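Heads up, the next two complexes both have chain A, just with different partners, chain B and then chain C.
Up next is the complex of A and B:
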């Protein structure tokens, strides 16, 4: 029997998700023994035409990492959706929009202006911008078009499963591969990680008081961090109460607060809203002015509470003059 | 254009306000306003909660997403919360949420927190009218349309918003 075919593709991402595959270390040999990679542009020489030549559903599974923000990425997502029986959103960007999703705080026009005109290192006297197509002596050349907003993969094509994390923890990838190979997969739409908050069973949880109150939110690069005590109890913004567990407390064990890369548990409908609710209620004051002062150290709530998931949030993107449609896509 | 065609008169924008009122003070005040026949702008839809401490930032975000142009949270005055601390928790969450909403381009006047005691029916009237007037000036909240998720309108608990600008 031939081995199941698997693909791995990247869209708007940093390459860290590919790194997590490399982090399989020796286990990668078991993987390649069990499956055939038929598309993996970062590591192997396959072309888009190879995918186009496949029969629909030829791949048992395809994982896509990265957010979707260009015409090319949308087209690849649709193509791979057709060719794969199981499509998996791999990593925080594909799952929730990720760090690239913070671009939804700005509109496309101002992003292009910043990059092609305003940054100090930009030298572009002709104010040249990327064009969808350009005539050159050899003919017409085309470039992908940047979308108005960044989207998660499931906002573009139907997704079967999600492997969360920035980048996904190796154990989650191993478990997912085992589940695919044995066919023991949970209901479609599931996030392939435990559905429990990170705080549950955190090695530092015993030092987290039941009636925790915080006088001052501290910033980790400015203070000493006690390596034993619950980070939240020390005043660091640890998003463990709102975040899904499954990373093995990677950041906590490295003495850094959780920034929420695994996203919410299934009961949450807006990750940042839940995180703000949990954290703000701990502020140790009943006085309006004092509360404001205590919240001052949270300088960028969008970047703090929606760091990995603005596109998947209820508001999706910054409201603005060019957003005259409102509501939902029908 | 021929002169006998009458152009439709643009209807005035009627904002929609979702109000989360605590059962013990503000909702009672709303009842009192009704009993005293204090008429106020019909733009406000009241949702009764046991305490303002129950107002999760997610509720406010969901209301805005589902078509509210503004959200009013009403709770007992400081020191008067039936559950002692609920309104303080609400105040803390509200302040953080507001910081986030500013970043998202949602204007300050759209989301408001007011302490309204059971006896202050007139305050309910005043604030409902005031907020309606302010939102009329601001115009509809223009959120970006949310994409479908997995081919379905986003999250079943958020039905599509009806067309904006219709009279309530």
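Up next is the complex of A and C:
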């Protein structure tokens, strides 16, 4: 009997997700023994036409990392959705929009203007911009069109499972592969990671006071960080209370606060909102001006609280269109 | 924790006309048809008064006939009729918390002038309610046992009466009074209108009943420090001020007072309104209850300077004097609290044109009460400061009341008190008495008759607000007198009435610390600063805090009969609560989903009721359901959605929002 066929594709991503596959190390041998990779552009030479030639549902599973922000990515997402029995959003960008999703704070025009005109390193005397189609002596060439907004994968096609993280922790990938191979998968729509916040069993939890109130927000690169004590209790914006666990406290163990890459737990509708209301609750003051001054010290709140999930947040929701419930494009 | 709904929703929607209250602005038939078109709505009806028996019956029948499992009533505010419709649903076998109300009266028809817009708004609210009600799950009110004891704060006539009623009903009562004796203002009065009963004669038997009643613990010279808990289970900390005399030993013989190194009184005697002086060790007044001496630390040499011959200690035959006494605290648990904290009188100095504090012979009503009283500073002789008897007396009504500069309200008792005083002065001194009034208010039983009697006795009544009291004589007859200048509005002339004595009927106003007491007991004040009743007509002795009731003037100016009646009502309400034995707590409490809680502790310091603790073994937060008031603070703050709130789950709120916005 032939092995299950598996695909692994990237959209608007940095390549870190592919690295997480490499991080499987020798375990990758077990994976290749168990499955056949039929599409894996970063590692193997397959063409889009190879995928198009497959029968619908030919792949047992396909993982897509990266956000969706161009016509090509959208087309590939739809194509792979058709060819895969199980479609998995792999990594923070695919799951929630990720770092590229912060582009949604700006419109497409100003992004293109920044990149093709305004940055100091840009030399573009003709103010040339990418065009959907360009005539050259050899004929007509096409470029993918940049979308107005960055989207998470499930805002474009129905997604069966999510493997969160930036990049996903190796253990989550291993567990997910084992679940797929044994068919022991949770209900569709699940995030394949624990559904409790990171604080649970955090190695630093014992040092967190029951009545924690924060007098001053600190930034990790400006302070000496106590390697044992709860980071929030030290005043660092550790987003562990709002963030799904499953990373093995990788950042915490490296003496850095959690930045929230695994995204919210299943019960939270808006990650940034939840994190902000929790942190704002800890401000140790009842004086409005003092509270405002303290919150003012949080540099780049959008980039802090929505770093990995702006497109999936309520800020981009519309009444009736509900990302959680699979409100994808037709 | 949030129960999943397995049965499909079968919703009935009931749109109330509320007579013309709703139907005049909202096209109820259009709204009904719209509701019927919504998913899961099985039946939608309108009715003239949904809250009426036939309206409720309609809902009951429909629940059974159409097998409804959710009901939406679009009518008035849930404050008014949520209970009504919950009962109707429960009567038909449906969980009462499967009801949702859409307020299309207060929030729509009464505030939206445009009919089309009002109708559209009503549709949106009903859409929201229909969406939300599908997420409702069965809930039940929880019962919590009630502590059977009752706390009465304030030992004036209202507090005394409430305490006696409760104690006679067999309840344990704590009566806490901050002064050294109970009795309040009534103990200072000489006679009471309109029957002219001797105030002390009718009050003091009650005071001694308080003292001896086996069910009453009386703590005088004590104040409430802290109040925690909730209806049925209040935890109260009482602060006992040191009186430096052992209450259990002192028999009130007064030997200590006579022996004090001060031979004469030195300090303003509060009970006599400063018309006499008392010593640092003193008996509050002759019938004080408890009849125990008290030492004023502000004037006692031993306490102030540590040096004194301490003749009082020598003189006391029972060794009751104890300079080592310190402030003490007692913690008590009670099921209900009655506030009867009384009032203070308006400071007449705030109306300088009446000359109080400038002219020695301008008195307040309460001062003259002490002058009239046989136990007062003059032994009942109504005399001026120089000892002379007044030949003419002017009583000015509404001093500080019905006055936009001070208190716009009517103090309710001053007309009658002034009539009574006019009668007493005339009776005792034969002086000519003038009453200066704006309107005479003599509205209760026997009052008008008393007014009539005083008129017949020859007391003069001049209608007009007094402009000024002056000693500037412009006529020989005014020499050495106080002249009251007033426009006599019945005659239409400005008059000058020379008198020997002026009596100011000062307003009743909230106690100086009423706002602090209000915060301590978590109740509300009305605009005038008196404690606010729950409903002016239907909840006159209740407050917005369950289990806390009001009696006497702390709720608003009133006379003794009204205070006593209100105290009885408050006692009955309190009795109702503690005799029932339990309170039902609305199930809108917050809860922690243990399987979801990461133990991040964000919620713990936020709870204003200290209801959240951390279970160190499980590593999760735990909410004490009996302490939770359902404020939702923890729910909003929980960053991982582990804290939820019954009746306000995320799903319910989101669905409600989506329903409201569906048409937008």
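The rule is simple: the second predicted complex is superposed on the first by the 316 of 330 C-alpha atoms of A that agree within 3 Å, B and C clash if a C-alpha of one lies under 4 Å from a C-alpha of the other, contacts with A are read in each partner's own complex, and residues count from 1 in each chain.
FYI, a residue touches a chain if its C-beta (ideal position, glycine included) is under 8 Å from a C-beta of that chain, and two chains touch if they have at least 3 such contacts.
Small disclaimer: the values here were computed from a predicted structure and weren't measured.
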item: Chain B versus chain C as contact partner of A:182, first or second or both or neither; value: neither
item: Partner touching more residues of chain A, whether chain B or chain C; value: B
item: Touching partner for A:281 - first (chain B), second (chain C), both, neither; value: both
item: Touching partner for A:242 - first (chain B), second (chain C), both, neither; value: second
item: Partner chain(s) touched by A:49 [first = chain B, second = chain C, both, neither]; value: neither
item: Partner chain in contact with A:211 - chain B first, chain C second, else both or neither; value: second
item: Partner chain(s) touched by A:200 [first = chain B, second = chain C, both, neither]; value: second
item: Partner chain in contact with A:269 - chain B first, chain C second, else both or neither; value: both
item: Interface residues of chain A shared between complexes with chain B and chain C; value: 268-269, 274, 277, 281, 319-320
item: Chain C residues touching chain A - in the complex, by the definition given at the top; value: 593, 595-602, 604-606, 614, 619, 633, 636-642, 650, 654, 657-658, 661-662, 664
item: Chain C-facing residues of chain A, complex; value: 195-201, 205, 208-213, 240-242, 245, 264-269, 274-275, 277-278, 281-282, 319-320
item: Touching residues (chain side chain B, partner chain A) in the complex; value: 56-58, 60-62, 64-65, 67, 78, 85, 88-89, 91-93, 95-97, 99-100, 103-106, 140-151, 153-155, 157-158, 160-161, 164
item: Residues of chain A that touch chain B when the two form their complex; value: 104-105, 149, 151-152, 154-159, 189, 268-270, 272-274, 276-277, 279-281, 283, 285-286, 288, 291-292, 295, 298, 300-302, 305, 313-321, 323-330
